[in-house]
Structures are given as C-alpha cells and as structure tokens.
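So that you can tell them apart, the chains are marked A, B, C and D in the order they are listed, and the count of residues begins at 1 in each.
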Amino acid sequence: MSDADEHGYFGQFGGRFVPEVLVQPLQELEAAMHAAFADESFWSRYGQLLRDYVGRPSPLFVADRLSSSAGGATIVLKREDCNHTGAHKINNTIGQGLLALRMRKTRMIAETGAGQHGVATATTGALLGIPVEVYIGAEDARRQSLNVYLMKLLGATVRVVESGSRTLKDATSEAFRDWAASAGSTFYCIGSVVGAHPYPSLVKRFARVIGDEARAQCQERLGRLPDHVVACVGGGSNAIGIFAAFLGDSQTKLWGVEAAGRGLDSPAENAASLLRGTIGVLHGARTMVLQDGGGQVSATRSIAAGLDYPAVGPEHAHLQASGRVTYVGVDDRQALDAFSELARQEGIVPALESAHAIAHACDLARARPRDEVILVSCSGRGDKDAARFALGEPH
Amino acid sequence: MSRNLGAATISGVFDGCKSADRAAFVAYLMAGDPLPSTTAALIRAAIDGGADIVELGFPYSDPLADGPSIQAAATRALRAGTTFDSVLQIARSLPVPVPLVAFSYFNPLYVRGLERCARDLHQAGFAGAVIPDLPPEEGAEAVAVFASAGLALSFLVAPTTPAKRLSLIARVSTGFIYVVSRMGVTGSVTVIDRGTKALAQRLREQTDKALAVGFGISTPQQARMVATFADGVIVGSALVDLIASSPPDQALPAVRSYCARLSAACRRGADNA
Amino acid sequence: MSDADEHGYFGQFGGRFVPEVLVQPLQELEAAMHAAFADESFWSRYGQLLRDYVGRPSPLFVADRLSSSAGGATIVLKREDCNHTGAHKINNTIGQGLLALRMRKTRMIAETGAGQHGVATATTGALLGIPVEVYIGAEDARRQSLNVYLMKLLGATVRVVESGSRTLKDATSEAFRDWAASAGSTFYCIGSVVGAHPYPSLVKRFARVIGDEARAQCQERLGRLPDHVVACVGGGSNAIGIFAAFLGDSQTKLWGVEAAGRGLDSPAENAASLLRGTIGVLHGARTMVLQDGGGQVSATRSIAAGLDYPAVGPEHAHLQASGRVTYVGVDDRQALDAFSELARQEGIVPALESAHAIAHACDLARARPRDEVILVSCSGRGDKDAARFALGEPH
Amino acid sequence: MSRNLGAATISGVFDGCKSADRAAFVAYLMAGDPLPSTTAALIRAAIDGGADIVELGFPYSDPLADGPSIQAAATRALRAGTTFDSVLQIARSLPVPVPLVAFSYFNPLYVRGLERCARDLHQAGFAGAVIPDLPPEEGAEAVAVFASAGLALSFLVAPTTPAKRLSLIARVSTGFIYVVSRMGVTGSVTVIDRGTKALAQRLREQTDKALAVGFGISTPQQARMVATFADGVIVGSALVDLIASSPPDQALPAVRSYCARLSAACRRGADNA
C-alpha cells in the first residue's frame, strides 16, 4: 500500500506548500478527517447515501461487443457513468459534504473544469442543505454551458474566473484564495486527489469505493481478478480510486492514461503531466507539473476538459516513480474514436475523459487473448460532451 | 546568524527606524510590471519617496496568495517577457545598493534549484527573501540554504496561526517576520483587521525580531495605525494599482509622492497622531 | 389485477384496430411474447442486463428536504433517473430488444417524442447488435437536439417526420407505416403502453420492474407500503409500471398526472387525454383521445415532449373508468416549479415529465401528516431539458 | 344479403364488367382535395373517363394505412375545412347516381356513431364502405350495422393474411374484397408484387365474391397485368398525385384522360395484350 505518511508525502511527492493562512484550516481538516474516518456512524451515513442517492453499487459490465470489435482480451467496464450526476465525482463530494456538516461549516466552495465536480458539489450542497459556490474558468464555462446551467439550477453560485489561462488551474487557485479568506466558515471541497495534505488522502478515501466494489464484483462475477486495470488521469481521483484496491495484487498491471491532446510532443497542446512534466509544486503539493524551465506553469489542452490540468495528484507521481503503475498518453483523436466506438458497440456514451481509458483498453485488448481481463474505469457519461457536439462544436 | 549579512542588513534598517521612532516602510513592487525596463526607475522612485526596504516580486503564473491587483501585475510582467534572470538583472542594475527583499513563490525557486537561487539572489544584491507559499514545515532546506548564502528568509504568520507555530515561525525567520494582517490574499481593504495588533503582541512575547505587517494596507491612516504596534508597514497592492493606473510619464512622480505620504505616516511622534 | 383479456381489452379499452397488413405481425408478436414470458432463460438474460447494464435496482430515496419544504407527508422517490440513459424507457427497450433477437428480426424501429425512447432503443440496438431506425417529428427533433445527436452517435438512423403536427403522434404513425412494409424482418419497438394488442401488455410487463422493486424497497426500508403512489402519464408506461405492483393494495391511493400544458381548459394547449379526451381509436387501440367532434385528432402541447401525445394507454382509460386510479392535471408552470424545487432541495434534476408527478406529490404532501408516505416515480433525469434551457430556450 | 342494395349495386358493376371481359376500374379520390367544391367535378371526370366505381376518401388526421400522397391529400382537405358532413354533401350533390364507396378510417365513424354513419352514407348515395384500419375481429358491430343499412362493407386481405383469416374475411366482406397487393401503405410503386396473383388465387378458392386489387397501381401496364387475374383494379395515389400536380384548370381533363387509359387497360381481350 502507498498511503501518505504523516506529513502527507507519498515517497518524495505531496506535502503542504501553502500560504500560512491555510495551514491551520488544513490542520483542522486533517484532524476532522481522522475523527470522521474512525467514526462508524459517519461511514454508515455515507454508505446509505451512496446506495439510496448515488445508486451504488455501480454495475460491472462485460463489454462483449467492444471486446470482439477490439479483437482480443475481454474488456470489463466499471460503470461510474451510472452514478447520479453521471460521474465518479459524487462519491467524493458526498464524503466531503458529510465532513463539512460534521465540521459545522456553513458554506462549501469548489473548483471545476469539465463542470462535473461543480455539478457534483452543487448537488451535494442541495442534498445536505449547504450553500455552494463553484469557481470555473471562463474558457471552461463557455465549453460546458450545460453544466453551468445545471449548477445554477441546483442552487449554486457560479463564479467565472477570468485570470490566467481561464481554465481549471485558475479556478483552483481562485478557490484556494476564497478559502484563505473564509476557512472559518467554509469547507473547500476539492475535486481530485490533488492539493495540499490531507486532500489527496481525503479524496482517495472516498474514491476507493470504485476499486473496492470492482474487485469484489470481478471475483464474484468472473471468479478472478483482472489482468489489467485502466483509468484516465486528470487530477487522478478515479484512477487512484480503482487502483487502490489492486495495488497489492502484483499480477494485476495498472495503467493510467493521460491526455495527449494534440500530441505528447506538442508543448502546451497536451495535459500529460506525468509523461511530459517535471517535478514542481502546484496547488500545495510537490508533484509532476507541466511547466517551463523557469517554473512557470504551462498552458494545457485536451478535448476532455476534466483532464485539462497541468499537474496530477502526488500519489500518481509516486506510483510512476515506483514503477507500480504505467502511464501512457491517448490523444484527442483516439479519445474521440473510442467515444464513438463504445457508443456504437455497447450503447454506452462515455465522458471524453473516460474515453481516454477506453481507447487504451482497446489497444491493450488487441494484442491479447480472450481470457485476459481488462478492467476499465468508465468514470463518467458523455452527455455533457454530446451536448457540446450537438451544438455544433467541431470534433 | 551574525554571519548572515542579508539578515544583518535588514535588521539594521529596522533598528535604524526604531531609533528614529518610526516604523520601517516596506514598498512592494512587481518586477517587470509593466516592463522589465521600467522597474529600476520605479524602485528608485519608491526609495526617493522614503521606502526603507523594497520587496521585489518575481512574477509567477499561479500566485495563490495574491489578490487581483498583484495577479494582474504578474500577468503583465510575464507577458512582457520577465524571467527570473531578468529580475536578477534589474536588481544588479540599481546604481546604489538598496535593501532588497525577493518575494517569490516556491515553484520557480524549486525548479531553478534552491542553492542556485540563493547564490544568484545574493550576487544580485538581495538581502533576503519571502516565499509566501512555503510554511516552515516544508522550509527546512530553504532555511539552511538561504542562511548559508547570507540571505534572510522571512516566514509569515497569519491570524489563524496557533501559538505553537508562532514560536516555530519566530525561531526560523531571519531579517523580519511577515505578519499577515488578515485572512485572505493580498489586496487593499478599507479596514485593517482588529486582530492584527493582538497577533503582533502575541508574537512579540516570543521574539525580538522585527515584525512587519502587510496584506491590505493602502492609506496613510492605516499605515499610521499599524506603525503604532509594528516595526514595519508593508504596502503592495495599492502601489501596484497606482502604477497600473498612472499614465506612463506620471508613474514615477506618483510613486514617489505616494511613498512619501506612507513613509511620513510611519513616524510615531506626537506630530503624527 | 387488470391484465388484458385474450383480445387485448382492458374493460372496454384496447383491442387491435390496425390495417390488415399488421394483423399477422401482431399475432406473431403475441405468440413470441407468450413464449418468451414462459421461458426462464429469457428472464434470466433480461435480469442480468437490467443489473449489469442498466444499473438496477434503481434506488429508493427518501426526499427529506423536499418533504419538509412541501411541509407535510414524506415523499419517497423511485429513482428511474439513475438508469443508464436516464429514464425508465430502457427497461422496456431491453425487453423488446431481447424479444426481437428471439424472433430473429434483423432491424428495430421506434418512434420518439422527447427522444428518451429513441435513445433507449438506439442504445439497446447498439448493445444487442441490431440496426435501429428512429422516427421523430420535425418539431420534436428541433426541441431535443441533444437526443437526436445521441441517437446518431449510438449508430441509429434518425428519420425526421414532416407530416401532420410533426410531433410524437405523427412519428408513431410513420413507424407503423414502416412496420406495415417491413414486419417480416423488422421489430417495432414501441415506447409506451399504447398501440394495438399485445403492445400495452408487452410494455407493461417490462415496466413493472419499477413497481415490483419499489414495493419491496418500501417494505424493507420503511417497513410499510406507501399511502399514495404518483406517476406522470404520457402514454402511461412508467405509471402502469409502478402502479401494477400496488393495484391489489386497496389502502394505497394511486395518482396519474397528465400534462395540463397551458391549462386544462385551453383546447389544443394541453395533453390531458384522460381528463379532456373522449373515447376514440388511435394507433390501434380504443382509448381516451384528444379529438374534435368529427374524430380528427387534436393538436396537443406540453412543455414535456414525452407527455405531448393525444391519447393514452388503454389500461389507463380502464383504470380511470373503474375508479382505481385518480387522474389529475399539472400545468407547465407547476412542472417547471417542481423541476427547480427538486433540484434545489435534493440535488436531483428530474425530467420535465417526471416533474409533473413531483408537483402533484408536493401538493398532496402539503395537506398531510409526516407519517403518510407518498411514493413518486421519478421516471427520468432532466439533462435533456437542462440542455434546452442552457441553450436559451425560454421557460 | 339480397336485401343489401349497396352490395347488390357493387356486385352488379363487377358482374357487368365480367360479362364485358374486363376488370372493373375503381378510382380513388380524396374528398375535399384540394377544396370541397372541386370534388364533385373530379368524380364526374373520373366517371367520364371510364371509372366503374369511385372510392371516395374521407380525410383523416392520422391515416395510418396511407403513404405520403394520400396523407398530403388528407391534410389539404382538412385544411380546406372538409368535414364528414361536407363529404356527404358532395355525394348528394352528384347529378346522377354513380357507384360510390366510402373510404374512411375507423375513428371518425366510431366517434360519429356507426349507426348514424351508416344511415348518413346510405342517404347520401354511397353503396358501400372500406375501413382500412378495421380488421374483421373488431368489425362485428360494423358488419351488422352496415348490412342493416343496406351498405356493402369490404374488408382487406394482405399478403401476410393467414389462410384461416382469408376465409373469415371472404365470409364477412360484402360488395367486394379489397386485395392489398403488397406489404406497406398506399402509394405508387414501380413493380407490382409477384405474390399478388397467388394471393388472389388462394382467395378465389374460398369465395366467388369480387376481388379488387389495390395499393401501388399507377400505370396502364400494371393495371393490365392485374386485370388478368382480378375482378377489379383500384388506383388511388397516382390519381391523387395527378390532381395535386395539375394546374387547376387542367385537372379535370387530366383525370379524365388518365382514367380513360386505365379503364382501357382493364380490358382483357386479345386487343389488350
């Protein structure tokens, strides 16, 4: 296992590089997190909401037609797209929302890129009766107008960020700035396994329901563990969530898929922090960062807004360094092909983020025998992307 | 500590001000804003106006601790092509040595390498540095490296900093301690938080090091109030806004006269009530 | 119980009023239906797909905040919105798709209004490898551009119908015309409990999983049956599906909610076939029809495209006549209010169709004590409607 | 049956044609298309051209058994304000009685009431009716009501109709039996289904009633082919299209000459090979 040490480090990655105003709020959060994790009533309320509200367990689906069309190993999908709000993000926001209630915070803030985490947080706020404000880059707000509408409909205040590259990284910075001024009353509900300690550990704990369920389902339905587990990596929460359960299964190969955008070798045209980044510090953690030689954070680009982030959760940097997980890139074109392919072969329209994982799974399947099992995290549904394309956005 | 020339220089300034019954006036400027070529003159104008110390900001793409004014200044500076090296160049180009403190986020320092940064800053004439997103728990290496390069390294305390950490920060800071006057990020406010004085007093019980208060101070009235309990008054966003809003040919006199008013407000004598 | 007699009649409603070319295909379908229903392997494959693909059982969720805000009885939601593709329609299309495979049909056709049934059929076709063509009125295609995009993405051919009122009724007629010419090879997958015998019985059988699950969940979670069951009625499949399990529970009051559009008393501005229709024959069945004195079928209007149909399943006409179910109208404005209210109170964005049921449930709740239980069929999610509004369509 | 005047009239027409060694030519027209006021003249033109029977369509909003041509005609007629009563009025206004068959979907009849409809149709001069969406299983009441009003009621058979139902339909139909020449809805096709002849022959084994073939026939060649094995040839969509595409002042001569060509094609003699 690779949990964080007491200072929030996974190997050399992680930590808490934040302005002094945020140190005490993070310590308070850390203490509350440990208390909640040790409290059975917390988990029972969490489990109840995951079942009755989110609709868990999410299905495990053997994608026979996709497997045949890829022409090789058996591809199995963990269907986070079936969750309420359509992605894995809600597993995390409900956990953090319950923690916010325990901490008697009266307001939640969040950053969002694709809008999925924003919608999940707005949803959780409505469910638990906590007012929510969501920061979103102006560029993303334009690309994800459906999710912006949904957040407002759910009662959240949407704050459009015009600074920097006007995408997820800037929305995240803005959320941290808000929190610096409001931490007494406000819970910052971060959307992935990124940020300063204890966030990567906190988010991981709520994401790992994906892997825990999938591992048990594989054993029950297939009578065995998968040979491969594949997940896309933006900040890295769905990937950590599914990997967590398999880290100890040394025969199971783990694959993280980064967004290669217009190509891994086109600087500022991809979002492959692990494959093309260098060690740096962003949003409170030491991790792999896409940046120039002077430490200025680079612009990124991916067709999947949820992967369009220049850093990655520190645990992934560690899993890369340790060699336990192999990271690969899938570009826009390949992701779009997988998006249509899964729709046509199985009637499942995946999020473009998830389509990156599907694309790699098909690649893996091609060369392998039918009795090898490839488990893929289908982290979300693609309605948000279909809405963009239905509006005529080119793809 | 006595071998840390930078820390000694900075302490010297604070000592001098104390003898003159005034708080030190620390002026923050963003290097490269609006252009790398204008910064040296703006620094001189601030000094001419009475700045006792100049904090020089290294522009960064993701300035988490800064509000809109300084974010925008960093964006302008980066667009104008400002790099770490060009800030060093600006510092070296100043005709007379002034007490300069580097204000930089951690990542550019980390990526360049802390040892190399410390050496370069020292050679360019900086006396010390503030790294706003480096809490002391993550700062052990920086403390050692900067100290051995003869540079002060000032940490920040905030209204929420618990007592135990106050003493840690007091212990590891050199040059001065940066007292953040409120929760939040940089940027002008209308009222200085009432807790700031209490925070300075709590800190004073732990240390004799100079305490400079910043975040939000923009008017002579505010400076005057802060000067009654702090060793230094730091003004940043207001100065950056002034430069941004002045016509190019009037920025220098505007900075000079604004600094003069702030510097005057830092006097503690009966003439300044 | 109120199943159809051997001629497909529920009381005086139902039957098989179709052109001669369709009689034999309907007889063939009826025989295949009976054979499939008697075959355990059919149900086991169906159950497996509902679990692993659709994500059933769908949750039962106690809407505490909505109940408090309505200020009375306890509202409980049966969450068909959590199903894959976002509505109850998929329960039916998967059943019919499996039947199409049994019958060795090589093509499926469907009609659609809101696009939900079209998406569900396209999805099922992709899943089972059956080519799909979907008829949609030109007016609906314009209103539901997201769903049109999704159907195409799923590999279906979308046929836009320009005849008549260019809405669901005309798409249905067109599907029947297609089937008249193609029944040898083609399975007509109808989208609700409407049409000629055996369709109302066939669709009911696949819809009743809603009520069977909900009844068991109520007993397990609440230890009792609901006092009221509420569902919206377009063609009537989600309503029949949830009512079916409770018809024998005489203490449980059943409520069907029709679309009152701009008002029950504005002719051609609502779609309340049971409340404002007269007995007639449409699409093969004798039922309640919105029509003029000469038997010409009226134009209808509802903000919910899925309710915008001038007739209703014959079993509902019977349940109205027998008095077992009470039918009421909810207008556009009330449905929109319920749409926002559920979003804000519980973080659930319902389909506008389902919002009609929510609105009536809130009305019922208001006057009643907290220990009364109102079970509502939340038949679908509102992303399709949010997409319309996000594009600036007025509401 | 002998008391059913309408059935007798229709049978008489078929008998007459048979004696003349020809198939009866049945022309379908949509009442009210393009206007209620033009229909009577179009009927006369068809008769002048040689139509032996006229099938008069009652426009309906949801004509499930019709293809685009007749759907469009119904839409035009309804837009022009055509109602059940105006179709009756048209029939009554014809100067000489012609053998008229009403073609109406079930719903308008059902809503008006079957008894009232039968009475009204009879009084307006109709000899019989075809209800394209009423299979015999649902038609018991209609059969009784129409018979006692002295109206023929023709049911349809289709290529898929199983043997058992063929004899049922043969039994209950009066006047003639409508043989649908192919799977699908009304509308012109290029090739008449090869199975149609076999279907007619199978039916012939069950009944002596007249068999009229329709759905898809549009050319004299097709009519000639069908006339070799059927008692009647029904042409609808092609005639409706012709009216729709003719300039208003040329519709009547166009209908007359088109009907003349079709009527000629219905002759079976050696001169028509």
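Assume contacts are C-beta pairs under 8 Å (C-beta built on N, C-alpha and C of every residue); 3 or more make two chains touch, one makes a residue touch a chain.
If you're wondering where the values come from, they're calculated on a predicted model, not measured in any experiment.
**Q** Quickly list, by label, the chains bordering both subunit B and subunit D.
**A** A chain counts here if it touches both subunit B and subunit D, and no chain qualifies.
**Q** Could you work out which chain's C-alpha centre is the most distant one from the centre of subunit D?
**A** B
**Q** Just the number, please: Cα centre separation of subunit A and subunit C in whole Å.
**A** Centre separation, subunit A to subunit C: 35 Å.
**Q** Just curious, how far off is subunit C from subunit B if you go by their C-alpha centres, in Å?
**A** Each chain reduced to its C-alpha mean, subunit B and subunit C end up 67 Å apart.
**Q** Which of line, ring, star, complete and other names the graph you get from chains that touch?
**A** Topology of touching chains reads as a line.
**Q** Which positions of subunit C touch subunit D when the two form their complex?
**A** 7, 15-21, 23-25, 27, 163-164, 169-170, 173, 176-177, 180-184, 278-284, 286, 289, 291, 293-297
**Q** Which of the residues in subunit D end up touching subunit C in this complex?
**A** Those in contact with subunit C are residues 60-68, 71-72, 75, 78, 83-84, 106-112, 132-135, 137-138, 155-162, 165, 169, 180, 182-185.
**Q** Which positions of subunit A touch subunit C when the two form their complex?
**A** 51-55, 58-62, 65, 79, 81-86, 122-127, 129, 145-146, 148-150, 153-155, 221, 339-340, 343-349, 383, 386-387, 389-391
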